[in-house]
Amino acid sequence: MKPELLETFENQYPNRDYTIEIVNPEFTSVCPKTGLPDFGTITLQYIPNKLCVELKSLKYYYLEFRNAGIFYENVTNKILDDLVKAVKPKEMKIISEWKARGGITTTVTASYEAEK
Amino acid sequence: MKPELLETFENQYPNRDYTIEIVNPEFTSVCPKTGLPDFGTITLQYIPNKLCVELKSLKYYYLEFRNAGIFYENVTNKILDDLVKAVKPKEMKIISEWKARGGITTTVTASYEAEK
Amino acid sequence: MKPELLETFENQYPNRDYTIEIVNPEFTSVCPKTGLPDFGTITLQYIPNKLCVELKSLKYYYLEFRNAGIFYENVTNKILDDLVKAVKPKEMKIISEWKARGGITTTVTASYEAEK
Amino acid sequence: MKPELLETFENQYPNRDYTIEIVNPEFTSVCPKTGLPDFGTITLQYIPNKLCVELKSLKYYYLEFRNAGIFYENVTNKILDDLVKAVKPKEMKIISEWKARGGITTTVTASYEAEK
Amino acid sequence: MKPELLETFENQYPNRDYTIEIVNPEFTSVCPKTGLPDFGTITLQYIPNKLCVELKSLKYYYLEFRNAGIFYENVTNKILDDLVKAVKPKEMKIISEWKARGGITTTVTASYEAEK
Amino acid sequence: MKPELLETFENQYPNRDYTIEIVNPEFTSVCPKTGLPDFGTITLQYIPNKLCVELKSLKYYYLEFRNAGIFYENVTNKILDDLVKAVKPKEMKIISEWKARGGITTTVTASYEAEK
Amino acid sequence: MKPELLETFENQYPNRDYTIEIVNPEFTSVCPKTGLPDFGTITLQYIPNKLCVELKSLKYYYLEFRNAGIFYENVTNKILDDLVKAVKPKEMKIISEWKARGGITTTVTASYEAEK
Amino acid sequence: MKPELLETFENQYPNRDYTIEIVNPEFTSVCPKTGLPDFGTITLQYIPNKLCVELKSLKYYYLEFRNAGIFYENVTNKILDDLVKAVKPKEMKIISEWKARGGITTTVTASYEAEK
Amino acid sequence: MKPELLETFENQYPNRDYTIEIVNPEFTSVCPKTGLPDFGTITLQYIPNKLCVELKSLKYYYLEFRNAGIFYENVTNKILDDLVKAVKPKEMKIISEWKARGGITTTVTASYEAEK
Amino acid sequence: MKPELLETFENQYPNRDYTIEIVNPEFTSVCPKTGLPDFGTITLQYIPNKLCVELKSLKYYYLEFRNAGIFYENVTNKILDDLVKAVKPKEMKIISEWKARGGITTTVTASYEAEK
């Protein structure tokens, strides 16, 4: 994974708390146990402070997971950590919803709130 | 964009707090980076004070974005600013939901609350 | 409109706060600007005090709007006023959802709460 | 109606507050005004105290309404009263949703909370 | 049932409260009254403390119910007890939704919260 | 069952083959084996010859099944026979779709075509 | 009803058989028996010959039914007759789907094919 | 599997070709390779000749697959063979739709037609 | 409109008849009567002969309609003509589905088949 | 791509024409133009002759496309060719449905029929 791929641009409305949600239904990584691909939808929700994440760079950041072996829980928390570091938001949440494996479906949700 | 297109009429029930929601699923603007059109749904929710926005004028106001190059975040905040200025509501919220680009879907939500 | 059409019957369980919701997806009135018909769904929700509204009389009350020219906001607030007057409920809410005009959909929501 | 049909069994987990929801989409009674059948879905939600309602007996209790003439509001409150008496729950709610009559759909919701 | 089948792995992000939801729509057990199979969906939601439940072991744990005679309420509370014991979470919830029997559908929801 | 309840009116467009479909999702009869009610949707499709079936009389005809013990297959064929006899259509089809019993759902479809 | 309201324009592609479908979900007329309004969706499908129906005039033609007392079967066949006369199509079909009355839903379908 | 569990009753309308569809969404068997359970929906469609299959016996016949190791293709063809032998229908079709394994969903469809 | 924007590439499987469907839900043009934008979905289906249409060039071709005043029927037939000329397919169909105007929805379908 | 990964097993019912459908909604390959991943659903339908395709081997065969650059049309025809060669079916069809790119969705369908 390469968090350095993430680019930002300046928030034009820093005085107003507003929410940006970016949904990527085409996320794929690899199960470190079986070596088989996992498929999921990654939802990013945040309230920007001074920076917004640039969409195309976010897409390229996500693409780096394509051939990486990593568990659901760690995908979710890693993306949250990388994006918090890059964007320094007021609040941020990552929801990862995974296609069924063995008939069983998993969703992981992690949140961050900046100290006030 | 021409906020002066926005017309209002007098709220007949100013003593009661009630909510008006106006959904426009046929909004289109242009991506300033690629020059390609963006398509979205703009939802306006507000509690009127003394004025209500006139529907037809709102439609013509939205149409002015058709060939304008502007980012998702700025569309949302600009519409909120223009409508708050024209309608002077008690509360107002703009939700813009955008069709997928590169497989990725974006929603931006901004709110305003009048000082009491 | 004829609020005198509204009939009530005695609430058999006045000591318990319970909710009655009545949805009419076949409401129609006339746009006072264009003279063309509007179509909507009117949802009535209330907590009865001593009276409940009689269903058939409510239907006939709604029918009186069929050829009346009246704006969305006023339909909603007028129905709320008429029903509050007839039923004297503890709480009441009217939600009117209107079919698209010019591609734009409107919903108006108004509430009433009796003084305690 | 025969509330004596309702049977209960002992709650095996009385120290934990948990919720049981039982949905019957095949409820039918008779309109006392027209003599025509009404069709509805009855949803029962409760937090058991020492007793749980036995499913088959609940089904037979509901069947007793099949040829009884009774209004929507009274069906809902009567079922709540009968079940509260039989099951002595910590909390209980009855939601009755009725098929359209004259194009109009009705839902009645009544709740009970035991004194603590 | 064999709670000893449940395996855990170390939570890599113990300092952050995040939620894991695991849905199994292919659960089946046997009705102790009729000897006929029951079919349901078991949803597990929890905030891990130091441990996460291993998915494959959870699947094998669920499979042990396949030929066991047990009531809906007990399935739900037993799974909660076994998982709380194995995973020692901060919070945990089990929702069991059962296919209709005699036209009637049942859902049981039980929760656990660790003492703070 | 009382086929004599079925009333007809004269087809105003006998020279044109057109189709009438009448769907009754509120049909109920009784299972002759268990004595428990069955619930279903009866769909009638026909091409009228000289007569059309009158809607209200059809409703009253269907109501006669409410407390009658009769199997799915026989309900379907009996309704087809009674309606063919009363309406003398060019073509007619009855589709009965029944709510699940023991988790199993049944649909029966029977057709009639007049000799040409 | 006023078939003279129907206007047409010249088909620009008379040498190609193509299909035009126009769906009006906001049709309303009056039941001649009860005097109560009926609500339906009218679908028009046709292959134009030399003429196409003008949309706005079609809308005004439909509006004339708003306060007319007329049965479902006759609405359908009358609209077909009026449109065939005005548009002289190669083929035409009218489907009228009506909201439930007494829990029962009706659909009427009538077709026309020009002699070749 | 025990085809001898299948019971039949006499078709009361042998002179009319009509269709019976019986859908069982609660079918389960075991994968002979992995020993893990498979879940599917079995749809049976047939035109009876002199016999109809009795619903309860069909349910018990299906239950015998619960702990049997058998492939999708063979489940489908075996059920068709057993039912054709027991019911001697004019036509019969079995559709088995299986829940995803490894993200992949399978449906098998087999038909029988009696010689005329 | 600029048909010269359409680019093609060589069909790699010219000996097999196969179907390509390309759906564009983001089509917009302008109503020549009102000057207001129309929104629609254009579906292209074809069996290639020696050429396939290049996707990006198709997108740019569609974009040329954005500010052009043209009726539904002509959009559909014009696109068909331009694509037939550029791609020389064995068969081709264009379906244009338009968002409601005045509550009324229109779909136009036109087909082409090469002489054999 | 490695067609040699495809394994088969003997069809146990070679005398009966029956259909097997296998849907893989987790297919991904790479666009040869942009180097970005494509996502699609591959549906395989076939009537087996003497052989059936083994599910797990089919999954591994599909996985080989994960990092291959190949156009939609060629994916579809290549899979058909490989599977026809391995399985020698009576009939076979491949349907590939691709997620939107630039707002535009593509579906490719190719079929094979053995000579009789």
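Think of it as A, B, C, D, E, F, G, H, I and J in the order they're written, each chain with its own count starting at 1.
The working rule: a residue touches a chain if its C-beta (ideal position, glycine included) is under 8 Å from a C-beta of that chain, and two chains touch if they have at least 3 such contacts.
Given the structure is predicted, the values throughout are model-derived calculations rather than measurements.
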| item | value |
| --- | --- |
| Cα superposition angle of chain C on its copy chain I, in degrees to the nearest 5 | 180 |
| Pair from C-D, D-F or C-I with over half of its contact pairs in common with D-E | C-D |
| Computed distance of Cα centres, chain G from chain F, in Å | 28 |
| Chain centre separation (chain B, chain D; CA means) in Å | 45 |
| For chain H, residues contacting two or more additional chains | 25-26, 36, 39, 99, 101-103 |
| Pairs of chains found to touch, sorted by chain label | A-B, A-E, A-H, A-J, B-C, B-I, B-J, C-D, C-G, C-I, D-E, D-F, D-G, E-F, E-H, F-G, F-H, G-I, H-J, I-J |
| Contact set on chain J toward chain I in their complex | 73-74, 76-77, 101-112 |
| Contact set on chain G toward chain D in their complex | 36, 39, 99-103 |
| Complex interface listing, chain D residues touching chain E | 11-13, 16-26, 52, 55-56, 58-59 |
| In the complex with chain F, residue positions of chain D that touch it | 25-26, 28, 36-37, 39, 63, 66-67, 99 |
